[in-house]
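Chain lettering (A, B, C and D) follows the sequence in which the chains are written, and residue indices restart at 1 in each chain.
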Amino acid sequence: MVQKLTENILKEVIVRRPDESQKGDFGHVLLIGGNNQLGGAILMAAQAAVSSGAGLTTVATDVVNRTALHSRTPEAMFIDWTDQSQLDAAIHKSDVVLLGPGMGTNQFAVALVEHVLDLVNQEQILIVDGSALTIVAKENLVFPRDTFTVVTPHQMEWERLSKIKIGYQHEVQMNEVQRQILNIDVLVLKQHHTVIYSSAGQYQLEIGGAYQATGGMGDTLGGIVAAFVGQFKRNPINSVMAAVYAHSAVAEQMAQYSYVVKPSFIADGMGNFMAQVQSNI
Amino acid sequence: MVQKLTENILKEVIVRRPDESQKGDFGHVLLIGGNNQLGGAILMAAQAAVSSGAGLTTVATDVVNRTALHSRTPEAMFIDWTDQSQLDAAIHKSDVVLLGPGMGTNQFAVALVEHVLDLVNQEQILIVDGSALTIVAKENLVFPRDTFTVVTPHQMEWERLSKIKIGYQHEVQMNEVQRQILNIDVLVLKQHHTVIYSSAGQYQLEIGGAYQATGGMGDTLGGIVAAFVGQFKRNPINSVMAAVYAHSAVAEQMAQYSYVVKPSFIADGMGNFMAQVQSNI
Amino acid sequence: MVQKLTENILKEVIVRRPDESQKGDFGHVLLIGGNNQLGGAILMAAQAAVSSGAGLTTVATDVVNRTALHSRTPEAMFIDWTDQSQLDAAIHKSDVVLLGPGMGTNQFAVALVEHVLDLVNQEQILIVDGSALTIVAKENLVFPRDTFTVVTPHQMEWERLSKIKIGYQHEVQMNEVQRQILNIDVLVLKQHHTVIYSSAGQYQLEIGGAYQATGGMGDTLGGIVAAFVGQFKRNPINSVMAAVYAHSAVAEQMAQYSYVVKPSFIADGMGNFMAQVQSNI
Amino acid sequence: MVQKLTENILKEVIVRRPDESQKGDFGHVLLIGGNNQLGGAILMAAQAAVSSGAGLTTVATDVVNRTALHSRTPEAMFIDWTDQSQLDAAIHKSDVVLLGPGMGTNQFAVALVEHVLDLVNQEQILIVDGSALTIVAKENLVFPRDTFTVVTPHQMEWERLSKIKIGYQHEVQMNEVQRQILNIDVLVLKQHHTVIYSSAGQYQLEIGGAYQATGGMGDTLGGIVAAFVGQFKRNPINSVMAAVYAHSAVAEQMAQYSYVVKPSFIADGMGNFMAQVQSNI
């Protein structure tokens, strides 16, 4: 049975940072995506990750995106995603890898997805989003068995991955079975009211609205999820759920003042929202 | 007889988004323009389209404009406008095509205008602005018969297109006849008080002022028109009129605090203005 | 005798724009400067010109500065300053030419200064600033006899131009004689309290302060002067004086809240300041 | 004995600027860093230096960082760090050199560090940070004997430099001895509560918190230190201590409204914070 995801998840996850801590304690997040057309996607993810409290943020992307990345978010580090030794070193050093925003689906992207799925280890958390999900489906790739894996498909992407047609995706048990077969630890199935599937059960988001129906919304969510699992380590399932809740809660606040909520605004608003939750405001 | 365009048009057009909707419902907008000198024009159009609620925004432009596009508006996707297969695919996928801001009038631009006029189909809405209007006039091109076409000329551009000299453009009937002969569905004739010609009659804007007399004002309007016809589909004529009204209404609000209103500020202000109209503020 | 420049100059110059006006009425401003190291200077001038109400703003600069220009100020148009035919056309179309911010003093810059001084005509207003003043001094160039010319030197730059040593620059008559010999219509001699020399007499600025002592302050002033003489045409001497006054008045307001006032912030604040003056706030 | 660093240091250092002053009086700051991956670090340092009141700011960095630098902080000047004659001239003209943010540790970086350590003179202040500290340690370089030198290591970087293991770094005397042996005038040992060692004694910062545990925090501090020693010349040790205090005080203010404080926000907030201190707010 699908339970309601409530704001309690926020208080549970977004705790006060211990005084004696340093950036290394809050996760080294690696974001992989952004080809020479869709660079904006990975830029939004990076902005969201930094604003949401990732300890360190590195972006592996097409070299054409470097200047816009640094112009918007100088806190993020850059890696040319065609430089395999750099990339491998970065993957190795990361606590969290977000794979997919704006990466496209060409041959290079396919090889990259295969490589990353192959390289991540059991101590890391992998988040697969956007084009990378299309590639996994099309190429019949498998998610790594030993890595905690979060996927964030739209309904159509989930149809491609799970072979469950959109019309049947309300059947909770089917999604649950496919989630487990596919080695997915947390499935964030994006829809009007997003449902999150995991070993903790199924939870439905009941906030958010059509003011979020604009390109880039998912890329921003990806960055927030990455930052949350990187810094709130006690319970990664809860961290994903808190990220999903926070993303829409910020949008809902902003919708009071804006007919459509730009994804980059949600990113900017995360720090303030998290301060509200953590009661130091 | 020219009627007065009132703020009623806003309430009529800017409706609450249905809960069960997604970005695809609010239009895939393709903006074509921006050569290696005038890139700012298409950047302002893109910023305006995203801020005004376009579901998806793609910009086909000179490759030199990519980084500034992503730096300013990461929500927009990029296409190199010299890559014809990419461009054709993008046109094919679009609901709305805005053609012209900052594209210049060289040989490449001429060929591009011809190509786009040729390719758009009857299910799309085409908006022709700026340099593209000069090209259409000079090359004696014809607007597509079966595509809903909006043009947004200044008076001088309209003179070139219609052969009606500026001194005679107050003669409503002449503009109306030329509009129909030229296959123009909506003519937005920009002037001190802009007049909009369509099968719904002639409407004059009575708001706005000289604080809008600065370069880029029209490019921003183009982006707003594109976003409005893309997302408010019931009545494209009304959507154009609402866009024109909103553009100047935002400027009028901002003019209380700024001697001249920068076009990029109008773009940024659209989301808030639309929220005011739609009464959720 | 040096008179005090008072805020009356603002009301006199910054008048309400006539309703029936268009961007062409407010000046086409061409800004020439910004080499491959000092690009920020021309970017600040451009931002200031647009924010201060220039009708149209074009920037002729090194091609490396294009992306940053469009990222910051999409309202401005770009010209590659090594493309002489483009440059000549731009000069020809301009009402105002600002020459110098960040242009450096290499051979190319020298040739460019010579070319511009040669090309401007009697209907245009020329403003010479920064590196261009050093070049004029070093190469013994002459300012155009028939073009209304404004120069904005620091005291050291004025020493180089006029041969009047800094220690003697308080001697008003000497500056006045040199101003006339050098074909300078308005000399803005920048110092602790800037003095403006012209046929209208000598006026001293008594506002502003050490919070303005930071790199880029003069580049921003250059952009404001260009916008003012471009749009407020009745009396160019007064327009220059109003620009100088406004620049420091904005800084003075901002200094209440900022220990040092960044030049780019002054640019951003101009529109609001001018609205205050013009009493529509 | 370690004393507590109190806010008194702010009032002592951040004094009212003398009326008759100019940008040259507030220090020409040269920032050297930013390779083709870590450019954001030097961009944040530059933003911080400009916002904190440096008279003139020049950035010597990889050429790929120029556009993002000018997009964010047009007040800063650019130098291609591979152009040795430009670099040497810039070093020569500087009052303060900050060496290290984001420069990496490859062969070029090593040579650059050696060159700068060799070139700075006794009238300049040198600040060594980030990768440059790693290089100094690894290559057994020595800090210049006659240049006032500030180093800002994390505990691990200090271990590498001083051979004092982290577990022993609470032993004040050991740090002090190593500081003097290594020709370090001020050692800012970054940790939970940063300690500053100099001939004035040892002072511990007791403000700041885990909201600062995010990448780029140290780069921003570097820029603030550079601006402070450049403009507040009476007592460089005090200026460093005031910079360290101000950096965390701004963060503490912002943490009321943001769960994590982005380094680039601290940079932006410095001007306002310094105005509060200097009592003109």
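Going forward, contacts are C-beta pairs under 8 Å (C-beta built on N, C-alpha and C of every residue); 3 or more make two chains touch, one makes a residue touch a chain.
Fair warning: this is a prediction, and the values are worked out from it, not measured in the lab.
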Contacts common to chain B and chain D (chain labels): A, C
Interface numbering overlap (same over half, different under half) for chain A and chain D: different
Greatest separation from chain D - chain, by CA centre: B
Equivalent-chain rotation between chain B and chain A, CA atoms, steps of 5 degrees: 90
Separation of mean Cα positions, chain C and chain B [Å, integer]: 34
Computed distance of Cα centres, chain C from chain A, in Å: 49
Chain B, residues touching no fewer than two other chains: 67-68, 71
Residue ranges of chain A in contact with chain D within the complex: 14, 17-23, 25-26, 50-57, 66-67, 69-71, 73-80, 86, 270-272, 274-275, 277-278, 280-281
In the complex, chain D residues that touch chain A: 36-41, 43-44, 47, 64-65, 67-68, 71-72, 192, 209-211, 213-217, 255-264
